[in-house]
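Below are two complexes that have subunit A in common, paired first with subunit B and then with subunit C.
Our next item is the complex of A and B:
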């Protein structure tokens, strides 16, 4: 490690140590465990700035925050998986002895033979650790992928196929009373005839051209190709709107983090 | 003066308390003097259709004194018994103005709300006033039984869709197996995969393959496994390095099997290493932090993002762009597609991801399925046009065919 890097790291450590002292002094008389509170706020600010430092380039502070985050989260999910799924849900339904051992409430009425199926599949999955019998774990994987693919087939047919088809059944002429009436009552009200008809036409043409774009077994040439071009334009306009909407949400997350740094850490009421 | 004030206050308080007492008595007497409301009529109870049983529906004509007449009905209380002679148990209530109660039982026999199937049950509905003592019971309806249904008739359209789509798929799979050439139009993103692997080999840098945050049961993840298989095979042939960091442990297990098989198919089983495909963590942003670190430290020549992605899509793709990698993405998560389109060199949009797996795999099963999907899309176009005509002319008989009940 370069000398300048070490000096920089030492300066940062000193800076945050001072921050801890000042923060703890600020919490004195307000919080019971003011030293701990000062440490927690300072640590949160340090980790926030460490992650944000990645915007400049990869650096030791980012690496530290990254490894801490990954390590803690991996351990947390491992722990949650064991204590909530196996101890919290499985043992109380299968074994009184195991429930007593782990000090969880045994539920005798909930015993069901089928609970052994995931247990067996889970054990088969762990056979991967064996060099000779690792192939057995493929049975569990086949069960997971095959079963859920079959279940999803029905779900998607219902939600993405039939329900979407029926959603396109919209009248192209809304409240039609002749061309004269249409022009005489023309306005841009959201519930007006013109906007309602325009919306339905956009749905109709958008769906048709969008589907044509997703035809894979026919070359996109001629009229078919032109409809496909319209389809991709409609998709891109939709993505543009979605992009702007989501970026607004992300900005609010950034504002939340900056508010934490300025208000909770530095104590500036901006 | 002070004594006069105290005496006056005491007199006032006594008088006020007396008045309040009179007022309360008056109110009580009003409650006691409410006339019993007229009973409900036309009570019918029937089994809930298209369910697993243990549920009955009650319907009735409200009391004439509900929001009309004497206007004294506050609510309806529902009573159930296994005998017409009782005892009847109160199982629920609905406010006045209602004329239906769904008596949905639960499956555990020990539970209070359990409704036995194939058992005679009797129901009664009481019209209750503000004074719960003053009520009028309906005539007893029964016997009625709940029972389970083998078939959900509200989902007939789904059955037909499954049969038609399944039939099309089986037909085209058999056609493809007989050796018929099924055309699939080239996709720019997929053509770029081969070039990207070649680029990585020339540069001597690794290929980073991200399977997304989906679980192994998601269609996009399954499609991604097929693409990974093809990429891994080519990587094995070119002797390039492959990095596959995983978010989900099951996905990692499947991905290891996929990559291992591809190396075997390519004739380089010895080049496979379990550490190519590794687990990071099941926390979204911790995973992203780790993958970003890999991108900046390993500087992969190519990043391939295929599968299910959420809020991390832009962070990953932006970091990849900063690292100077060629990026190819594909997802069916509509909300994330804009970010990939902005930050990646090639993007497979939605169903193109599934088509890509068929295009690369060239297996009859997948090609046949792709062809069947195209026919299904043609059917959607025809049905939509017919539906729009029906909607314009108010032909509800046609549009109702596509209504699927829960």
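Our next item is the complex of A and C:
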């Protein structure tokens, strides 16, 4: 490691050590564990700035935070899964002894022998670690893949196909009482007849033209080509709107982190 | 044996899950509920397998002092520390020992502190970084060169500027209304077209898996 890098790291360590001391002093009298609280707020600020340092370029602070995140999140999800699924749902149905050990309520009526099957399948899954018997883990995997494929078949057919198609076929003439009535009551209110009809037309034609754009088995020429052209317009508006929506979401997260740094860490009420 | 049994199991469970939807019989629903619980339980074992893999890869990197091996020490230290706090802690009598999940969840103070002061800051900052990259990409890509690019630019600007307080009440009101209309109408139409495509694609893929045409999940050997 270069000397300048070491000096820089030492400076960063000193800076955050000072921050810890000042934060602990600020928390004294307010928090019971003020030294720990000071450390945690300083740590959160350090990690926030470490991740932000990636904007400059990949660096040791970013890598440190990244690897820390991997370890912490893996253990977090494992612990949560263990307590909620294995201890919370499996043991009370399998063993009174294990339920008592983990202090979860054992209901004798809930005992079910069939819950040994996923445990066996789970153990078979761990056989993947064996060089010679790794192929046995495919049985458990086959169960998960088969069940999920069957579930997805129905789920996507219903929600992403049938429901979407049926929602597309909306009335194109909303509350139609003749052309005279339509023009005499023309207004731009959201609940008005014109705007509702416009929305339904855009939805119906938008979906049709969007699908035509993605249909590559026929050359996009003539009327088909024009419909495909309208489809790409609708898609461009969508991509723009989705882009704007995503930006707003990310900016709000950034505002949250900046607020944390200025208010919670530096104590500046701006 | 090594490949036939998994293909058979995938077919049986896949077909069962499809048919149980059409048979609202008590027995069918009972088995369905069972299978759903089983997936979660096996999932925990799969997670354990993943963690073992993480430990193995990190340990291997440290053992052979591979490039950036020091960061693997950080990963392992973080993993074991968080796991330690996940299963141990002070019990209700103030004694250190196995920590047990309560009605409120895992309330071990250090487990919570690590979640709130390490996991959440890193995660949210990583997501917020995307704002900078999007802004940078937008600067390069958002040029009103043709009609399509202009449509993209205008709709993005309307959605982004809809809450701008400097627009005033009247203009801000219409801006907000236009953005809401863009999100609810043309946006929904295009997303629906995409969803229909996704739905058909997923159904096709699920069929290929159930019928044993797609076997990528088995790996080699």
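Some notes on this structure:
Convention: the second predicted complex is superposed on the first by the 256 of 270 C-alpha atoms of A that agree within 3 Å, B and C clash if a C-alpha of one lies under 4 Å from a C-alpha of the other, contacts with A are read in each partner's own complex, and residues count from 1 in each chain.
Everything that follows uses one rule, which is that a residue touches a chain if its C-beta (ideal position, glycine included) is under 8 Å from a C-beta of that chain, and two chains touch if they have at least 3 such contacts.
These numbers were taken from a predicted model, which means no experiment stands behind them.
Using the contact criterion defined above for the overlaid structures, shared-chain residue A:242 touches subunit B and also reaches subunit C.
Contact with neither subunit B nor subunit C is seen for A:133 once the two complexes are overlaid on the shared chain. In the superposition on chain A, contact of A:169 is made with subunit B only, not with subunit C.
By the touch criterion stated above, A:76 is placed in contact with subunit B and with subunit C alike. In the superposition on chain A, A:44 makes contact with subunit C only, while subunit B stays out of contact range. Of the two partner chains placed around the shared chain by superposition, neither subunit B nor subunit C is touched by A:262. In the overlay built on the shared chain, the residue A:102 is in contact with subunit C alone; subunit B does not reach it.
In the superposition on chain A, contact of A:157 is made with both subunit B and subunit C.
In the superposition on chain A, A:144 makes contact with both subunit B and subunit C.
In the superposed model, more residues of subunit A are touched by C than by the other of subunit B and subunit C. When both complexes are aligned on chain A by C-alpha atoms, subunit A residues 51, 54, 63, 65-66, 69-70, 72-74, 76-77, 125, 128, 138, 141, 144-145, 147-149, 152-154, 156-157, 161, 164-165, 168, 204, 207, 211, 214, 235-236, 239-240, 242-243, 246, 250 touch subunit B in the first and subunit C in the second.
Within the complex formed with subunit A, the subunit C residues making contact are 2-3, 5-7, 9-18, 21, 34-35, 37-52, 54, 68, 71-72, 74-83, 86-87, 100-101, 106, 111, 113-132, 134-135, 138, 147-149, 151-160, 163, 177, 179, 181-200, 202-203, 205-207, 209-210, 217-218, 221. Looking at the complex, you find that subunit A touches subunit B at residues 51, 54, 57-58, 62-63, 65-66, 69-70, 72-74, 76-77, 109, 125, 128, 137-138, 141, 144-145, 147-149, 152-154, 156-158, 161-166, 168-173, 204, 207-208, 211-212, 214-220, 235-236, 239-240, 242-243, 246, 250.
On subunit A, the positions that touch subunit C within their shared complex are 36, 40-41, 43-45, 47-48, 51-52, 54-55, 63-90, 102-104, 114-115, 117-119, 121-123, 125-126, 128-129, 134-135, 138-154, 156-157, 159-161, 164-165, 167-168, 190, 198-199, 202-207, 209-211, 213-214, 231-248, 250-251, 253-254, 256-257, 260. Interface of subunit B with subunit A (complex): residues 108, 110, 155, 157-158, 161-162, 165, 182-185, 187, 216-219, 222, 250, 253-254, 257, 279-283, 285-287, 289-290, 292-293, 296-297, 311, 314, 334-335, 337-339, 341-342, 349-352, 355, 359, 370-371, 373-374, 376-377, 380-381, 383-384, 387-388, 390-392, 399, 402-404.
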